[in-house]
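One chain, chain A, links the two complexes that follow: it is found with chain B in the first and with chain C in the second.
So, the complex of A and B:
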């Protein structure tokens, strides 16, 4: 294979890995603080994309044409709205069910995901059809020895990685992060330290959902298209990535995200029927990995999380 | 100096009451102990004070202020700290991070550093291991972290639940000495223990809990000499 195509695959894989990692971090944070798996996460991401798209239409309507300004508006509106939605879901759906069997939470968040999806399909103007997400980033490209790296790809990837690093610093270096980790490791002792437990849970769900919104915007900018069902596969992949990495471990989630993207890329490059089977291949390897290491690649005892 | 007043408290986990009509005072600047065998309900009383398992009836107040059933972080904001049973380290955090969490509600970074230095002065072993993960430390070292963490918030009242549990006699002795010195700095101490002799040796006043009910109380001196109480509850 020529170097240009390989570079293309690599860039694409990195991009996907960044998005997956951003989704997986949410799963891992939610599981960390509340021991729950929130299956509506992918659809919250989708909602983040649509909120961003709506913000774009709004900005257009008031006559702003500067792409950077538009981008900032999309990000701010989408991330804050989605973060707030995540906190609301935690407050009114997940926290009240905290002591219910885990299966109930799984089922309820699964249903919530379906409800969000269907709501967008039915009530968003022409919601059942894909929306053309604007290409707001410069598309000029630099030639890297046969492979043309486009500026928009480079910017997206850099921004995504910056957000991942930022999340990591937030969790490991700040007072809020300290509280999140404390709640994840021992909820009751965290309370005894004077931590406002409910507040930390809501903030954690807000942060995870905001990260998903960012991934949703990335997705829209990269493919220039969003649709009401986009959260289904992204949610499943993010969940798988979090599981491969050892649910509850933030580094594991990031690793899992890039690993899954790597598998898809290898699947697309190496399989005879090309890209059609890349997901089958990637999920197949995940199943094999799970059989080999049931607790994930970064093994965790149930007591030490995040 | 602060005090806790517990009045006619009933606490239950599911249906059955674990604490029945418990009333006691934790006097300002003193060590008040609560003695009782395993399952008597000692930890449940601490959980009731902290709002972790709120009483279903009765009243708990700090310096006259009602805290019955308040959220735990609000109880802590009243100047209460707790060294929980089993020490409860955050196992994947360093010693420093564990101590930092003890001062979670303190916003003055200089004060936090000063208190941490004080903890390291008291327990030089911890200073050497400040970057070690707490989960990898010995029981004795974890006890030091737990005590240090309890002091980091600068509490006016300290609740201590079975500090001698699972420790070697040498550490137990050391711990009781430290608890005495904590009292001497003006911190009110509520000490829950099964270790009758050593607890009474440092306490000012004591209560005996059995089957969720208070069955005896008196000055530490009186309880020490009470043959009947000894025979009935600690035989």
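So, the complex of A and C:
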């Protein structure tokens, strides 16, 4: 295999890894603060990219043609709407079930994901067909020894990594992050220390959903296509990534995201069978990893107390 | 109809009479419901059933029925089976209603299998449609490429589902809650993707399945009885009914046995039941395999009945629909599963407006259910350790 092709696959894998890591970070944040899995995350992401698409149509209708301005409008509208939706889901569907068996929250969010997916399919104008997402980033490319690094891929990847680093700083360096970590560690004590518990939970869900919306826009810009079913696979991949990395651990989520992208790339490139099997291979490895390390590579720090 | 028994003052009647009356009412109702053509008629019948169910709950009919089921278990079970036969007989010339009825019976079998996993043992399995598909694909391959007798193929479909389930058993048993959820969801998605991309099993176009044959009698020929040509679906309805009844009996026996008790205790507290000597791993393997066999057998017969299968019938959304049956009925409640199977399968078929919206409708319904009535439509009663709880001779 020549070096150019290898570089192409590497760039593609890095790109996917950034996207998956962004989704996985959301799962990890929710699990951290509430010990719940919000399985509608992937579909929230899908909704984020559809909101972005709608914003694009709106901007187009107003008559703005500058791609950067359009991009800013898309990002702002999509991220704020999706973050608000995430907070609403937390407030009305997740928090009321906090004392119910954990299975119920898993089920309610799974069903919510289906409901969102179906709602977009049925009620968004022509929602059952894929939509062409606009290519807003410059497409000039640099030739790097046989493979062409496109400017849009480079910008997307840089932006994605910047968001991940930003989230990490937010969690580890700010007062809000301190509050989130406190709630994650011990809800009762955090409350006694004067932390507004509900507020922090809602904010965390907002942040996680906002990150998902960003990943959704990234996905749209990269593939120039969005469809109502994209959230299911991305959500599952993000969930798998968060779990392989170890739930509740932000570094684990990032590691898991890149690991999954690596698996997919290896499955598409290096294995003897057709590249169509890449998802089959990647999920097969995830199942095998779960059998080997049931709580992820960086294990959850907890044990059963009787 | 259904409220006959409520109007004639069943309060003074002995429970057995009430029970048999209810069975008759349900048979007439089911017959009319499956035959109903116009949407108005269907809506009216749905409203009638809802009112009857509500009134029955308010006036104590449910209690009386429970009494009948407890005190006269055998008679009641016999009456219900005869009732099922009566419905099939009454509809014997109608293709479509019989197809719906059989689909419902097969989904009931699936629901029972999943109920052992979700309801009794507290394991999650979001790959129901995948195991159903394994059964269906097993029949597709075996009916067209081998001379295995079709009745054995049904069992083969179940065994195949169990065997493939064994591949998941290590991660599923070692993990709990959301971890095993991701394993089964990943498997469900993997299964469908695999079917779509491979060349051997027909790819996205799917496969033809040959019909069921029993002792040289082809199920796709309508039986002739007293000179009347019946729909060939009668065969499948009878076999599907037999399967559902068998599955129901097996599940009920399992629930009542010491094995069911072990499964219950594993669900309630794994650590405590391990301390009391319950083999948690064995209980989980048993529940997972038992459930998958039921789902696989049902899928196997389903494939033979619709005679054409494609990966699109076994999506994750279908798995969730199967889980909705268990949740709507009530976790662990077998009769609840039966009621929910009727609602989830028959309602969208009868009200064609709903067909397109069925995933949205049932996911919304389950969300509301989980928020306001998490125990389901017919909640499972608390296990009672008294001799009277068993059916008396």
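In this section, the second predicted complex is superposed on the first by the 301 of 306 C-alpha atoms of A that agree within 3 Å, B and C clash if a C-alpha of one lies under 4 Å from a C-alpha of the other, contacts with A are read in each partner's own complex, and residues count from 1 in each chain.
In the analysis below, a contact is a pair of C-beta atoms (placed from the backbone, for glycine too) under 8 Å apart; a residue touches a chain by one contact, two chains touch by 3 or more.
Predicted model only: the values in this text are computed from it and were never measured.
Upon superposition of the two complexes on chain A, no clash is found between chain B and chain C, which fit side by side.
In the superposition on chain A, A:142 makes contact with neither chain B nor chain C. After overlaying the two complexes on the shared chain, residue contacts for A:118 are found with chain C alone; chain B is out of touch.
When the two complexes are overlaid on their common chain A, residue A:72 makes contact with neither chain B nor chain C. By the document's definition of touching, of the two partners only chain C reaches A:295; chain B does not. Vertex at the C-alpha centre of chain A, arms toward the centres of chain B and chain C: the angle is 90 degrees, rounded to a multiple of 10. Look at A:178: by the touch rule set out above, it reaches chain B but stays clear of chain C. Shared-chain residue A:64: touches no atom of chain B or chain C.
Contact comparison for chain A: of chain B and chain C, C touches the greater number of residues.
The minimum CA-CA separation between chain B and chain C in the overlaid arrangement is 19 Å, rounded to the whole angstrom.
Within chain A, the residues touched by chain B in the first complex and by chain C in the second are 304. Touching chain C in their complex are the following residues of chain A: 37, 39, 93, 96-97, 100, 102-104, 106-108, 110-112, 114-115, 117-119, 122, 232-233, 236, 239-240, 243, 247, 274, 276-277, 279-280, 283-284, 286-288, 290-291, 294-295, 304, 306. Across the complex, chain B meets chain A through its residues 50, 52, 71-73, 76-77, 82, 84, 88, 90-93, 97, 100-102, 104-105, 135, 149, 153. Only residues 122, 124, 126, 167-168, 170-171, 174-175, 177-179, 181-183, 185-187, 189-190, 193-194, 197, 271-272, 316-317, 320, 323-324, 327, 356-357, 359-360, 363-364, 366-367, 370-371, 374 of chain C touch chain A when the two sit together in their complex.
Contact residues of chain A toward chain B in the complex are 175, 178-179, 181-182, 185-186, 188-198, 303-305.
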